[in-house]
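Going in written order, the chains are labelled A, B and C, and every chain counts its residues from 1.
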Amino acid sequence: MTDTRPLKPITADARRAEIFRLALGNPKVIAGLVILATLLALGLAAPLLSGHGPSDYVGPRAEPPSADFWFGTTLFGQDVFVQFANGIRSTYVVGLLAGGIGALVGMTVGFVAGYRGGVVDEILSMITNVVLVLPAFAVLIILAAYVGIDSVVHQSVFIGAFSWPWVARAVRAQTFSLRSREFVDLARLTGVRPLTIIRTEIGPNMGSYLLLVFIVLFGGSILTAASLDFLGLGPPGQMSLGLMMNQALQSSALVLGIWWWFLPPGIGIVLIVGALYVTNIGLDDVFNPKLRKM
Amino acid sequence: MGRYFGRKSIVYALTCIVAVTINWLVPRFMPGDPVLQMLISRGPDTNPEQTAVIMDYYNRLFGFDVPLWQQYLNYWGALFKGDLGVSVWLFPTPVADVVLRALPYTLGLLLPAILLSWFLGNKVGAMAARRKWLDNSVLPVGYVLTATPYMWLAILLAWSLGIVAGIFPTAGGYGFDLQPAVSWEFASSLAMHWFLPFLSLFLVAFGGWAIGMRNLVIYELESDYANYLAALGAPPRLIRRYAFRNAILPQVTGLALQLGVLVGGSILTEVVFAYPGLGNLVFQALLHRDFFLLQGVVLFIVIGVLVANFVIDVVYVLVDPRTRAGMQGVSA
Amino acid sequence: MLRLNRVWKTYRVGAFGTRELTAVRDVSLDVAPGEVVSLIGESGSGKTTIGRMVLRLNSVSQGRIEFDGTDVSTLRGRALKSYYRKVQGIFQDPYSSFNPIFKADRVFDMVRRQFFAGTPNATWHGKIEAALADVRLDPAQVLNKYPHQLSGGQLQRMLIARALLLDIKLLIADEIISMLDASTRIDVMNLLADLTSRGVGVLFVTHDLALGNYLSTTTVILRRGVIVEMGATDKVFANPQHPYSTHLLGSVPHLHKKWSQVEAELARHDARLGPCGYHAHMPGRCGMPPHDPDQPMLAEIEPGHVVGCSYDQPLG
């Protein structure tokens, strides 16, 4: 199989370097990435932060933030900061996994439908439209309730399985227009296989767009996962920001005024998802300089 | 045009069948059969008569005494008769009744929240597209709002305006001490309980519409035809009107696509405020492991979203001159 | 070498392919080694479609395309690759023939990766330089550049050079001359002449009658997907039989004449005259498809010169 190797070093190095330079000069990209990196570091460090787990009863009950417990303790004496750090960690995992799965499925369906056209396209587009109008969250509730979610990976697969249709639509439309360009014909005349053509000719032309798509899916998956966790449908035994809110609400933290319990998880989600969106706008400015005037 | 609707109808019919089939399939083929587990786990102390009724429904739809295809057809048959089974949690109320009782609350929240957020979001977004100072506040606020989980904004509002400030009640659809009645007292209690969940739903949705509209209008204002109009000396107001008109169409499509998300948002919001709508039913059904109720509510939600989607599609075609003209052409 | 046998192409358009558009109907023609066949016709007459079918970029709806006796639509994998070693194409639009985000010389690398994986660097570079010299390009000017840094003519010639890297027997050249300035035009035409002297057959698609006349041994005149006249170039140009060809060849000097006028004149011509050149040699009534579906669509009016019915066939 000679044609499964990546193409020789004839890639757009100069262009890439230019984009990279522009991206690192864009304040939105920088701000977004700094927030994301900081929280990621916190999430990665979560297991090292303290000797106890997120659900261990380690301190006095319902204590406000203090030097010992930075974010205070829950009604049951659990360390909110440890819960938060662990929640951030699983938030990243679910976002990356579910966003990745959604992007992968959406791109595959979109590329194949757009490239092959004809009956294949009709069938794939029909499936895409069906999943698109299906209210994903309601279906996820049923699936999670019956099938059960036993791990973050499992949850990501479910979320990714319903988040791809709009990606497939957009990728299909772009593939459709790229497919009729003559450089694709030229590759075919050179005997390059369809999958290789999609990977080496069509894909790279949509590279920046695909990155933006992934970022949006990343953020959306985080919100969906938090919602499922909040309904108590998350992986059991896995601390998450949604579960923190669920437990706080169930334990009447609002009435009891334990604000340090229910504020951090929301702030964490807003920060991560907001930072993703800000990075996205910044990158959009870089990739589509036309909008930069504004 | 006929073909366009024909195609759309196929998609909706197919989606409907898929949704119903998933709803039937998932419990039926789960290892360990959670529904049966639920029924068995009710223990011997429960009313045997009650268990008998539920088992009967269960056997009809999930039982092994008839072939699989028969079970599937029975399910559809029951569905068409509006028979969603009997709620285990609220025995002996039929699930359909439970759903219908909760429905007005959810509609009362969702419809105003969706429509108002859409109209105001589009207005503010279009204004932000041409006023720098407004843009500087609309854009960040909009992005923060769209990044906010529905339940957290609800928690925040319940805590700040409800518990700390003490202005609004934070739980239920009306005062605990009241009975539904046509009276001032009841109406004002209803309105007070309605406001925070409504506001919470409205705000998150509003952020999304405002940003979407702002970006679309800017895109339209920078398009070649806007430049062309400007070069011809058209007044800016006219150009803005054209831009707005072109930008509103994707927002109509967006409304259809966002419906599922908004309904999901209302489920979460209702849970926070213990608001007696469909969302809270979902949560209670999960808590009480009442699978018939859960399935009934979710199926109802799914079909409701599909119907609303279809309505929006029809509206879209009616307002968009391009689809009217282009529908006969190549639909690539 | 190349034989099209009653080839049809119907595009499916519209939702679920509910409408059909016949771009090529019942076209038969041959290209022999060392021969230049020019395919002449107005825009939309199906020239590009024919070329693309030969190149296996579009499927054939009906009929057969044979290359050295094998049906090309049956070629798969290895066999298809070796077909492309012998049959290559150059497209109408050089700008869109290059992937804009990669350097232009990637088209050469692709050929190397697919067909010359084992060739040592030095040999390969020699081959590229020779091919570039053939199309009068300076390697320093065109290698290592992005497509937008090169002119249409340079890009077009790089595509020709790319085809020269392979051991081609047949070249499909779709409007390759229009992008070039007068001096390179001569170069490329000489190059084509050189290729034919090496036994390469060329299917030369063009609007330009003068070019067709200059280069080709055989001329095929296409109208709305149908061959209206075909034959040795000198015979067709000297003695056009079909009214469409007459107008086409006659219209070369009258650049002011609009196509709509030509069409109108054609219609008047149809109404005025009796049996056409085709029906003078064939039984049946003008304007009707032949009763016998096996009856040829073209009648031989002199050796090596065939013509179709002058009346509009009912389309569809």
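Methods note: a contact is a pair of C-beta atoms (placed from the backbone, for glycine too) under 8 Å apart; a residue touches a chain by one contact, two chains touch by 3 or more.
Being a predicted model, the structure only gives us computed values, none of them experimental.
When each chain is reduced to the average of its Cα atoms, B sits farthest from chain C. The most central chain, judged by the distance from its Cα centroid to the centroid of all protein Cα atoms shown, is A. Each chain gets a centre from the mean of its Cα atoms; for chain A and chain B, those two points are 23 Å apart. Averaged C-alpha coordinates give centres for chain A and chain C that are 50 Å from one another. Taking the mean of the C-alpha atoms as each chain's centre, chain B and chain C sit 57 Å apart. Every residue of chain A that touches chain C in the complex is listed here, in rising order: 2-3, 5, 7-8, 10-12, 15, 118, 122, 181-183, 185-192, 201, 204-205. On the side of chain A, the complex with chain B involves touching residues 126, 129-130, 132-139, 141-143, 145-147, 166, 176, 219, 223, 226-227, 230-233, 242, 245, 248-249, 254-255, 257, 259, 262-263, 265-266, 269-270, 273-274, 276-278, 281, 290-291, 293-294.
Interface of chain B with chain A (complex): residues 10-12, 14-15, 18-19, 22-23, 26-27, 30, 34, 143-144, 146-153, 155-156, 158-159, 162-164, 170, 218-219, 222, 256-257, 259-261, 263-264, 267-268, 271-272, 282-283, 286-287, 291, 294-295, 298, 301-302, 305-306, 309, 332. Taken together, the chain C residues at the contact with chain A in this complex read 12, 16-17, 52, 55-57, 80-81, 84, 88-89, 91-93, 96-103, 105-107, 109-111, 113-115, 117, 159.
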